[in-house]
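For clarity, chains are labelled A, B, C, D, E and F in written order, and residue numbers in each chain start from 1.
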Amino acid sequence: MLAQPATALRWPRLLLTGAAGGLGRELRPRLRRYCDVLRLSDIAVLEPAGEGEEVVQLDLADADGVRSLLTGVDAVVHLGGVSTEQPWAAILGANIVGAYNLYEAARRQGVRRIVFASSNHVMGFWRQDEVVDAQSLPRPDGLYGLSKAFGEDLARLYWDKHGIETVALRIGSSFPEPRDRRMLKTWLSYDDLERLVVASLSAPVVGWSVVYGISDNSAAFYDNRLARHLGYRPRDSADVFRDRIEARQPVLDPNDPATIYQGGAFVRTGPIE
Amino acid sequence: MLAQPATALRWPRLLLTGAAGGLGRELRPRLRRYCDVLRLSDIAVLEPAGEGEEVVQLDLADADGVRSLLTGVDAVVHLGGVSTEQPWAAILGANIVGAYNLYEAARRQGVRRIVFASSNHVMGFWRQDEVVDAQSLPRPDGLYGLSKAFGEDLARLYWDKHGIETVALRIGSSFPEPRDRRMLKTWLSYDDLERLVVASLSAPVVGWSVVYGISDNSAAFYDNRLARHLGYRPRDSADVFRDRIEARQPVLDPNDPATIYQGGAFVRTGPIE
Amino acid sequence: MLAQPATALRWPRLLLTGAAGGLGRELRPRLRRYCDVLRLSDIAVLEPAGEGEEVVQLDLADADGVRSLLTGVDAVVHLGGVSTEQPWAAILGANIVGAYNLYEAARRQGVRRIVFASSNHVMGFWRQDEVVDAQSLPRPDGLYGLSKAFGEDLARLYWDKHGIETVALRIGSSFPEPRDRRMLKTWLSYDDLERLVVASLSAPVVGWSVVYGISDNSAAFYDNRLARHLGYRPRDSADVFRDRIEARQPVLDPNDPATIYQGGAFVRTGPIE
Amino acid sequence: MLAQPATALRWPRLLLTGAAGGLGRELRPRLRRYCDVLRLSDIAVLEPAGEGEEVVQLDLADADGVRSLLTGVDAVVHLGGVSTEQPWAAILGANIVGAYNLYEAARRQGVRRIVFASSNHVMGFWRQDEVVDAQSLPRPDGLYGLSKAFGEDLARLYWDKHGIETVALRIGSSFPEPRDRRMLKTWLSYDDLERLVVASLSAPVVGWSVVYGISDNSAAFYDNRLARHLGYRPRDSADVFRDRIEARQPVLDPNDPATIYQGGAFVRTGPIE
Amino acid sequence: MLAQPATALRWPRLLLTGAAGGLGRELRPRLRRYCDVLRLSDIAVLEPAGEGEEVVQLDLADADGVRSLLTGVDAVVHLGGVSTEQPWAAILGANIVGAYNLYEAARRQGVRRIVFASSNHVMGFWRQDEVVDAQSLPRPDGLYGLSKAFGEDLARLYWDKHGIETVALRIGSSFPEPRDRRMLKTWLSYDDLERLVVASLSAPVVGWSVVYGISDNSAAFYDNRLARHLGYRPRDSADVFRDRIEARQPVLDPNDPATIYQGGAFVRTGPIE
Amino acid sequence: MLAQPATALRWPRLLLTGAAGGLGRELRPRLRRYCDVLRLSDIAVLEPAGEGEEVVQLDLADADGVRSLLTGVDAVVHLGGVSTEQPWAAILGANIVGAYNLYEAARRQGVRRIVFASSNHVMGFWRQDEVVDAQSLPRPDGLYGLSKAFGEDLARLYWDKHGIETVALRIGSSFPEPRDRRMLKTWLSYDDLERLVVASLSAPVVGWSVVYGISDNSAAFYDNRLARHLGYRPRDSADVFRDRIEARQPVLDPNDPATIYQGGAFVRTGPIE
């Protein structure tokens, strides 16, 4: 948690979906500081509501439930859905139907902004020696990445047609610390994740914006210059872990697609049944 | 039907999905000339199989059925699914689940190329005074356009990961003749449609290509220079209908989103329930 | 004059400024066919009004006069002002103050579209071996070109802020036929000029568009792909004059700036006093 | 004033126009350190000349006066003219005629470089969620921005034709500290202004360069990578004022054009009479 | 040979190198019409000089010989050197040393323009489903293509530094007719070759220009819009041979690099010893 | 030498060519830390081999010798050849034939990566007020720069065709400290050179990458955003020498090509005989 809140702004009610997941649990106490009430939802059981919290257990595939969920909400931080490669049925329900339900509920409830957890896997079939930016075309590396590309396009539709703003965070690898050579490029510290989410919530105008969610890693294959208006400035860096990681994983197979492509091991996964 | 076939190439078995729809009925006799066997499918009843035809009635949401459908097929011309703005459930089943089933079946059956009927509605929220090309980002104008954007990304995944080639045809307005001012820009004659489909089938290498499906209309807002390798060269033009159309529809409301945006009336449609 | 009008559309009242100039006299009878009333203005004496014509002698530097001039007008074809390199005072009055007066009058009178005769001299300091398009930055070759760059920016302001549409025609060299080697690149036939003006008037949406005004000359240094939505398609070509011109002017000094730069002889002209 | 001068270079005589204005008064003592003689001009009364200073009261619309003013000058820092939205007559005289007089005088007097105070309002109708750079086309937000776009094009002409170099500073908001949410994006500290002006004076070659005049603000909508050759590196940042400003101005109307567009409140101003 | 010469211009003395090769023999009688004297050179024996011809047998690796060869020459059409994949020593002598000798001789002899026969093999490792233009980076497919990339860079140096103009013709496949599926994309008829060479000689300013040498083939992977200033407009097309070729070569192996990459079979060739 | 090695990775055997040159002598002890054995070669006499070193005196024009040299090597840092403007014969042997010999030997010996010392002189005829990146076309400023452009294209061929990776370092000016005004832009400290070489060796995937070799100089005319994946982050800066250099060299002739173009004095050098 940042020593100082990243903004003095404060929202009456924020909604955090996927609050029981890895990043959700990490963001829960952090976002608490930026709002009067933090509503939390997940398909899994959540820790009981603390002060200023509201807890809702809910499947995003339940359209009516999602509509209720968004009542009285100022903005949504949408981490809900699956975040790994999964069978089509799981992706379809949670990430495609779920995303649709969320945006449609936002439209009906008058929610104006969604911070959408997209993924680096939207771009996973670009090579690691290519640098992509917010105007590069999607090249998903699996059904998960494909569902996030769908979510981004859905968000663009709801912005162009209904005026609902989205910041799509193409999150790299958000963990306590980088675990392998690829994460030296894609790592996003939890503190930088907080900075990024708060920047996305507090920027005066975002329309439909795409930003890569990484810390200040020297060797990233992402170029965020087109998202500068969001004001996200990372303060951490995977670089400090470089020696340890390289000692642990000195050799990469240069013919392994997981070495070659941005998506890493995801590019090797076939459809899961 | 073209007086001369557009290529001397001939496929053992082509599959045409959506063969009972408007364009499907138009393409059925045309494609018949380019293959030994033309397999036809639709969710609706089809005309009985003629010589060299095979007819299959099938819902694309039926994964097993689609897998069988692709047995022994060399290439697919995929018109199936819905092609107008519809309620989410209809779009989801036919165009999202259906497209997934098709590509997954192609992967399992070893089909190498799909000519995918995408739509101008993938780009519907670009303005009519902007010219877009194959590298412009999608801006769908409704759930239908969104589902086609999904199909294009799905196709890119199956190309990058599984080597299945796709030509995505962002078809404008394919009718016997243009019906309104917008179609002077977006019209695709049936003969040019045939040329385009045959070019897409016969180009030696297509990888994942995007092409706008229009005739040689002077006032298009599309730039096909990045698809030149496909060898599509339209021979018809909406221009010859200009006087008649302008006489019939002399005035357009300049404040109407349907006048302003490329998607025309689709941009005005809210979600349908 | 085109054998067939270029459109079936017809405006109640068009205004043609600069109607006594070279291009003005050429366009007067041509535009007459596209409207019920053609209002004509110039600082010089005009031929008396024919049927369906209104004639106004006026200095564009007269703001009140211009405001009256635009009463009841549907659209303006603005050729007024000076069209050659002149002393600053002349350029300032006619092309800078004059353009401002015109747009400000349009705003007050509710005129929605202006076809603005800009000039190739906005781009005159690009080299003749460079190809420019509508997104290349201006490089005017003199005060005249500079004033036209001003007019284009003014038009952009009035579009962005007040919703008045403009097509800026960067006219090459519009004469009965090309006169020299450079005009083999920049020539615009009178018939193509008519096609271009009518396309600019009749395109449903133009916002702020820039188009190079040339015939179908093989050796142009202009790329109009970003203006395709206007629907301008030239039918004439300077190519048919090539032999005659090259016989007459076989040698060009390769060190002469007039040979090197797009603006031709204009790039050599110093300020005129 | 910087503790250390930003360069060891020193000019025999610099001219600062607009020296009685806000930025002029700020730059006067700062520039004094970089030259033997600092000539100062303004239409308003100036503080009496100190040591190494020359003071000239002058209207930039006075061509002869401006010509005299530039005698013996090495380089000009041109802040003169109006710097807010004003009636057309004021803009015309000070910023259009004035800029012409300045460049024409520079040509006659052999002055080789002008640091031209342009403005963010040249780009004011780009959205705040778009990032612009030195090759983005101008979209002025009013007559003031339009006059600065004129000045930039004039400068390009004098560079291309007469070899007079210009650095156009598209200054954001230069005040002691940022005053509102928008200035968190556009603020330029006085020290950074000094760095920027000195970089522009001392870069060996500038030709015609455009640079956005902002401090190192995280949330800017400007990309200065194309101006890197100038060597401007800001050391201050609006970020340190973020909490205070956001506490003071927590809510922005998302439908207000001043929130949406880069030009802020300028985009709302109609012509002033 | 064109029925009508492509230009009325006529040069006192043109030099054609490589005049004994396939294209050289084809161009010899064609170029004869555009000059008073046609000097011809080759390392091989040439047909004896006809009227208005001069014949020189010469190895381009002979620097002194090349210097003499260029005496009194107005412009060079440089076909000399090897034009197929060859061992390094052969490429080095003929195409690298030879090109250097030619440009250095041009510099010393004051020759101002060279039409340089480059090759599509400069770009051979771009894919056939990618469209390249004059600003795409080189990706040579062998030593031959590499030597032509060297020649283009050499030409750029001699333009930037010494003012010698070059048009680099990236010639596709110039034969009496296309021989295989790839040549449906890359074919250049002899008449179009003549048009292209004459356009390159007669364009008033070319600086350093790159143009793809192809006829008007529908399915090319080249975009010549950046070379429009040259005025090359092909009149032939490989399309008329399509049926015959496709009947003869109905199947291409989609995994063969010669199918996938623009360079065709050249991409498969290893170094030749 | 960096206090801390820039990576924990360690190669069994690295080859450093040109090890007796200025940069070679600087890198020799530095690279020693990153490998078990450092093989060193030069055409000149080298210091005797220390522990873990192997020394080979060799002319790169000797193909067989180079082939032996690459036996058992993991990666090459190729500084060999001439690094100043020289007569053609010297450039040809050392940099053209030498580079070919090196890559061909790498292919035969199975060496997978080469860090190729290219040069800023590949881009020397871009202006100093233009900012170039890895996709800008080469504009060499002499035979030396031309030979380096050749080497880069050769490297691309060996990557595309034979899978040998290259990082081309377009080194600016690597000296103990900057010596003149231009080096304030192009300087590369020895420590940053070490960082750059090590980054190029240790990046998991480089394919064919181009990076400008400069320290963190504020006023560079290079943009390295497309090489970010390499992970090179300079820590030194020429800025700290600015005062001293500017005091020593206060005046530059603005008409001197060495002031105007990126290549500095190299652009003035004619062919050396």
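The rule we apply is simple: a residue touches a chain if its C-beta (ideal position, glycine included) is under 8 Å from a C-beta of that chain, and two chains touch if they have at least 3 such contacts.
Since this is a predicted model, take the numbers as computed values, not measurements.
> Strictly by the touch rule at the top, which chains does chain A share as contacts with chain B?
none
> Please give the intersection of the contact partners of chain A with those of chain D.
F
> Copies chain A, chain F: same or different interface, half of numbers shared as the threshold?
different
> As a quick test, compute the distance in whole Å between the mean CA positions of chain C and chain D.
33
> Quick check: how many Å separate the C-alpha centres of chain C and chain E?
The separation of the two C-alpha centroids amounts to 40 Å.
> Calculate how many whole Å lie between the centre of chain C and the centre of chain F, each centre taken as the average of the chain's C-alpha atoms.
Taking the average C-alpha coordinate of chain C and of chain F, the gap between them is 52 Å.
> For chain E, which residues are shared contacts with two or more other chains?
225, in rising order.
> Could you list each pair of chains that touch one another?
A-B, A-D, A-F, B-C, B-E, C-D, C-E, D-F, E-F
> Considering the complex alone, what residue numbers of chain F touch chain A?
It comes out as residues 7-10, 112, 165, 199, 202-209, 225-233.
> Considering the complex alone, what residue numbers of chain F touch chain D?
Residues of chain F touching chain D: 127-131, 181-182, 184-185, 217-223, 225, 239, 242-244, 246-247, 250, 252, 254, 259-260.
> Over in the complex, which chain E residues touch chain F? Could you list them?
88, 92, 96-97, 100, 104, 107, 125, 135, 137-143, 145-146, 149-150, 153-154, 156-157, 160-161, 267, 271
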